[in-house]
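Sending over a structure as structure tokens; questions will come in a sec.
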Amino acid sequence: MFLYEYEGKFLFQRLGIPTPPGKVANNLEEAVKIADEIGYPVVLKPQIIGGRRGRAGAIRFAENQQELRTNFEELSNLIIHGKKVEKILIEKKINIKHEYYVSFLLDFSHAKPVLIFSSEGGIEIEEIAAKYPQKLVTLYLNPEGDLQPYTIYSSLNRVGIFGDNAKKFIPIIMKLWELFSEYELILAEINPLAETPEGELVALDARIIADDNAEFRQSYIKEFKASRGGLESVEYKAKEKGLSFVVIDEEGDIGIIGNGAGLTLATVDIVRLLGGKPANFLDVGGGASAERIRNAVQTLLLMKNLKKIFVNIFGGITRCDEVAKGLVRALEELNLKVPMIVRLTGTLEDEGRRILREVGIEAYNQMLEAARKVVMG
Amino acid sequence: MFLYEYEGKFLFQRLGIPTPPGKVANNLEEAVKIADEIGYPVVLKPQIIGGRRGRAGAIRFAENQQELRTNFEELSNLIIHGKKVEKILIEKKINIKHEYYVSFLLDFSHAKPVLIFSSEGGIEIEEIAAKYPQKLVTLYLNPEGDLQPYTIYSSLNRVGIFGDNAKKFIPIIMKLWELFSEYELILAEINPLAETPEGELVALDARIIADDNAEFRQSYIKEFKASRGGLESVEYKAKEKGLSFVVIDEEGDIGIIGNGAGLTLATVDIVRLLGGKPANFLDVGGGASAERIRNAVQTLLLMKNLKKIFVNIFGGITRCDEVAKGLVRALEELNLKVPMIVRLTGTLEDEGRRILREVGIEAYNQMLEAARKVVMG
Amino acid sequence: MAILVNKDSKVVVQGITGREGSFHTKLMIEYGTKIVAGVTPGKGGSEVHGIPVYDSIESAMKEHEIDASIIFVPANFALSAVYEAIDAGLSPIVVITEGIPVWDTMKFVNKAKSKGLCIIGPNCPGIIVPEETKIGIMPGHVFTKGDVAIISRSGTLTYEVAQICSLNGLGQSVVIGLGGDPIRGLTIPEALKMLESDPETKKIVIIGEIGGTEEEEAAELIKKGEITKPTVAYIAGATIKRTGVSFGHAGAIILGEKGKPETKIKAFQEAGVPVVRFPHEIPDALKEL
Amino acid sequence: MAILVNKDSKVVVQGITGREGSFHTKLMIEYGTKIVAGVTPGKGGSEVHGIPVYDSIESAMKEHEIDASIIFVPANFALSAVYEAIDAGLSPIVVITEGIPVWDTMKFVNKAKSKGLCIIGPNCPGIIVPEETKIGIMPGHVFTKGDVAIISRSGTLTYEVAQICSLNGLGQSVVIGLGGDPIRGLTIPEALKMLESDPETKKIVIIGEIGGTEEEEAAELIKKGEITKPTVAYIAGATIKRTGVSFGHAGAIILGEKGKPETKIKAFQEAGVPVVRFPHEIPDALKEL
């Protein structure tokens, strides 16, 4: 799960990593109040996941209330990365002498945590790597062991930061490591880590990816998800029912249900390649019960343009009879107005087909055949 | 630092390890109130560090208030291991079907944590090892790694505990490990771990040794020390001033100050072997300042029979000039009524001797010579 | 035999008494897999489909010779179960469990690597050598014996591809579902190297997914000539543009430019590996090689 | 040379800018020790008694050849400093710092052992080869060159014994203060084995303390004939009866019957090692061997 900047900064504050004074505003009124509290000049940062807001011209400054009002209204009407801006973070504007970059991330290929530091920050890490390779240091860490301050010193020394200059980075980087390892993060990035003219370090941005799988022992994940609204809230509620639901295209008209991430992705692909407009990705996971299948169908009904539902199941750990029972329940309970095209094969497929036949659905055997029926009718 | 049973059980409760309902009483009135709250029958357990109270007949039971009063009075007058009983833990009496033993400890020789479990408990571990070696399992653990439940299962299986019987031990042992590793303990022992006729497991005793050196990051150590009274409180206050102070004999008349644990121990030995009665062990540590030396002398004044003070310093990291300055300050500020015999050699000894000579003390060069003067006059 | 396992591999099922563990133990036995013991802490002494259950692998190994493990225990106990299998020196260790926290997976993957043991998964369907053994949860009937190896980051999509191959007369030497989590034991490049020296395997199908960089690394191996066997690739999710979200446990977290389907497809094409758009195009592509 | 170090050993001082680090750097240089660099994170670029200071050992090793380290950093940063020295492959690593949490010591002692490096300490006076090198904080003038090795769990008591030996014409081949903490790097038995094969050492003095079981293990080695050089032992705290308390950082936590002075004395006596009651009896005991 990608955290919003304001969620990430909430965690920073909890661990004692310095951030600019500020709060997130849901509307103009709140924004004015926050700005009055922290004092002008302020910066307005739309809360959108995905980064690169600066380039999109979506970060604004305000010297006074008038500027705040104008900018807030403009930002509220923006669509960034296809999403409407719902929350705007209002923060005290910080004077910047220099920008650094620091992050911890799990390197999936090497199965190890890695520390990345650069004496140049403020632009995306890929750009830093391309422009200033000699100012970037990457250090693989032991997943079992502790990170020790000396490791950070060595890294800083390698990019030409020595002495007292190096010393002041230690507490922040150690706290970022604490956050990263204790909260079991996939990415914990501060970019830029700003140095003020007074020599203080402040985390101006927070880019954090949490591990959804750790939710059972990491309560903040549940809390953040529960506090979010909109489509993300739907995706979260689906997840609570064991469904991986992602909206791909709010305008799409074909609802997709599959079992297994790969098969579901391939189903989305085949529908699109045949000329259809898939609306979503919905993986019912392994060994889905009838109940879960029924809930999956119900979840699709949230898509406003839905015209057809394509259910593509290859039973392995999933049993075809359970799938069929779930689909029958959905038909009976949900007052479905759109047709359902089902492809069913694998474990206990004969029983599954029989159950579906009783409610008038003839399940397909092959994915391609079923997909053609979905797209071309 | 050895924790009292009631302190250990406080930590058990914090981690969720089941203990009998109960509280510690400082006087009879409190004891009656606690017993009324938890209900009779109760057990009275004098809070003394050192174990083996059962053998000393110091654990009593009470079926009603009358028995509670009688037993409380008797226990309050006991001297156990040379110490007066000051606090008595009043606990609900638990019915016992069987007693187990479980502990984690740091094995100093192997520099590793070790899990010890026995299907027979309630007696000292040395006795268990002697009587029931086949019912005892010892398992070395990795200091960096996690303890995993399967490790505990394997250990239980080895002493003949299987299936559901084994299963119920897991949560308690995992929590004990959490306590042991997160609180950086040297020993965390539950003996007996009692099984009730209903099949529930309850920690009837708690024997815990904490690491004083971890005090700077383990706040419970400071809290427990601060809440203790009596001589222990003096030892603790001395420690806060950088002094290792241990009362060896409350009746002793020779106060001992040395630098370095070994030298101070040897000083205690030599005084006793020459026929003197050393009262204490007081190590001023390495690199002691004049201030610390002065405080050391002041600490000795708490010993009620004090007749002489023997200061034995071999300067290494400790500087003899600082020691001399501290002794002079003690003489000037503390209105000392007992003579001070000083042995001073090592780093900057000439300067130290010169300073002492100005206040009329001629420091000895050799330890034996000085000790003879102390004991024989 | 193919790689990693064969008909004589003796297998322990960890989490045998659970719903999935018990169900698939039955199917594996029916397929011919030599399941010799089960382990469920707390259930030692019972039996599942005639297989004796133990509290621990240590207890099981006192009674049985065991080579490999398949793990069905819930995610919150998976780390313990995998460590147990590692400490017992079993290989491969097939981790079916999904939803394991990635920090746990990182720990056990490193531990297994340091001991030279092979982990398949987690969140995977397992490994099958058709007509010999199945240490996994795949529906056995779609696989047929032959000389095409399939390695895949997907689960059900693997069955799909195997079925299409089988229907088109292309039997399999071995099929490995490597699992959909971002950190896994056996990777595509590692599996490729094993297959390169496997006499039973003549051709290879790689089923990739968006996210991660293994497909790029695999393409690099082929480009450098370390893998010479004819290979076909398919990338699931190639039409998906939305970034910044994770598609299920697909490991499909796209960070920056890395892991995008275009990059993967391009890497394979530059290595001379045909990349098909639909699973059902795989048989023709294989036949043309 | 004796064991572990000699006059050519090149030493880095970790924590060189602190009060103790700076003071003892001066004394070590005066004694003849080859101090080549100092490290204090945050103080890189400065100098202490003419020795260049670096932020990290890595930086220091770019400019200097370094064999060994002596550590003066405060207890709460000691783990980091020792790990740094271990990762740099230095040996011995002499840890002067006192008050290190025992869990930290456990970690670095295990780590050093797994890499085959020698740690002396923590909470120790260090090692001295009289008239060659001193990597420690002992007052150099009480040591004289000779063929008696002294190994000790104590600090100042070691100086006491060395002085008594020197005054009685018994010079030292090497003197090692192993440190007073319960978990330590170099132990009495390990040091004994090194001394057994050291041609410079003819006789050995062991200074033990109450608590721990190393003295018993040392006696066992002697009894088994693995150590053949004439040895004298002294146990500090032999008259102390109060149990259940820790005497300073003396490692003198007495658990049950183990670690009691009687046990230690008995073990040595059974191994044929004379145990003296007073430090000043050591010279005579040595001469009688």
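As written, the chain order gives the labels A, B, C and D, with residue 1 at the start of each chain.
Note that contacts are C-beta pairs under 8 Å (C-beta built on N, C-alpha and C of every residue); 3 or more make two chains touch, one makes a residue touch a chain.
Here the structure is a predicted model, which is why all the values come from computation and not from measurement.
Under the contact definition, chain A and chain D share the contacting chains B. Of the two chain pairs examined here, A-B and B-C, it is B-C that is joined by more C-beta pairs in contact. Note on chain placement: the centre of chain A and the centre of chain B lie 52 Å apart, centres being C-alpha means. Taking each chain's centre as the mean of its C-alpha atoms, chain B lies 55 Å from chain C. Rounded to whole angstrom, the centroid-to-centroid distance between chain B and chain D, based on C-alpha atoms, equals 27 Å. Residues of chain A in contact with two or more other chains: 144. The set of chain C residues that touch two or more partner chains comprises 107. Taken as a contact graph, the chains fit none of the simple arrangements: neither line, ring, star nor complete graph. A complete list of chain pairs in contact reads A-B, A-C, A-D, B-C, B-D.
By the touch criterion stated above, chain A contacts chain D in their complex at residues 146, 148-151, 153-154, 156-158, 162-164, 166-167, 170.
Considering their complex, residues 144-145 of chain B touch chain A. Per the touch definition, chain C reaches chain A in the complex via residues 19-20, 24, 75-76, 96, 98-103, 105-107, 109-110, 113, 125, 137-139, 142, 152-160, 163, 180, 182-183, 187, 207, 209-210, 212-214, 217, 236-240, 242-253, 255-257, 277-280.
Those residues of chain A whose C-beta lies close enough to touch chain C in the complex are 1-2, 49-50, 81-82, 106, 108-109, 111-113, 124-126, 143-144, 181, 184, 186-187, 209, 211-214, 216-217, 244, 246, 248, 258-266, 268-270, 272-273, 281, 283, 285-287, 313-318, 345-347, 366-368. Interface residues of chain D, counted against chain A in their complex, comprise 41-46, 55-59, 77, 79-81, 83-84, 107.
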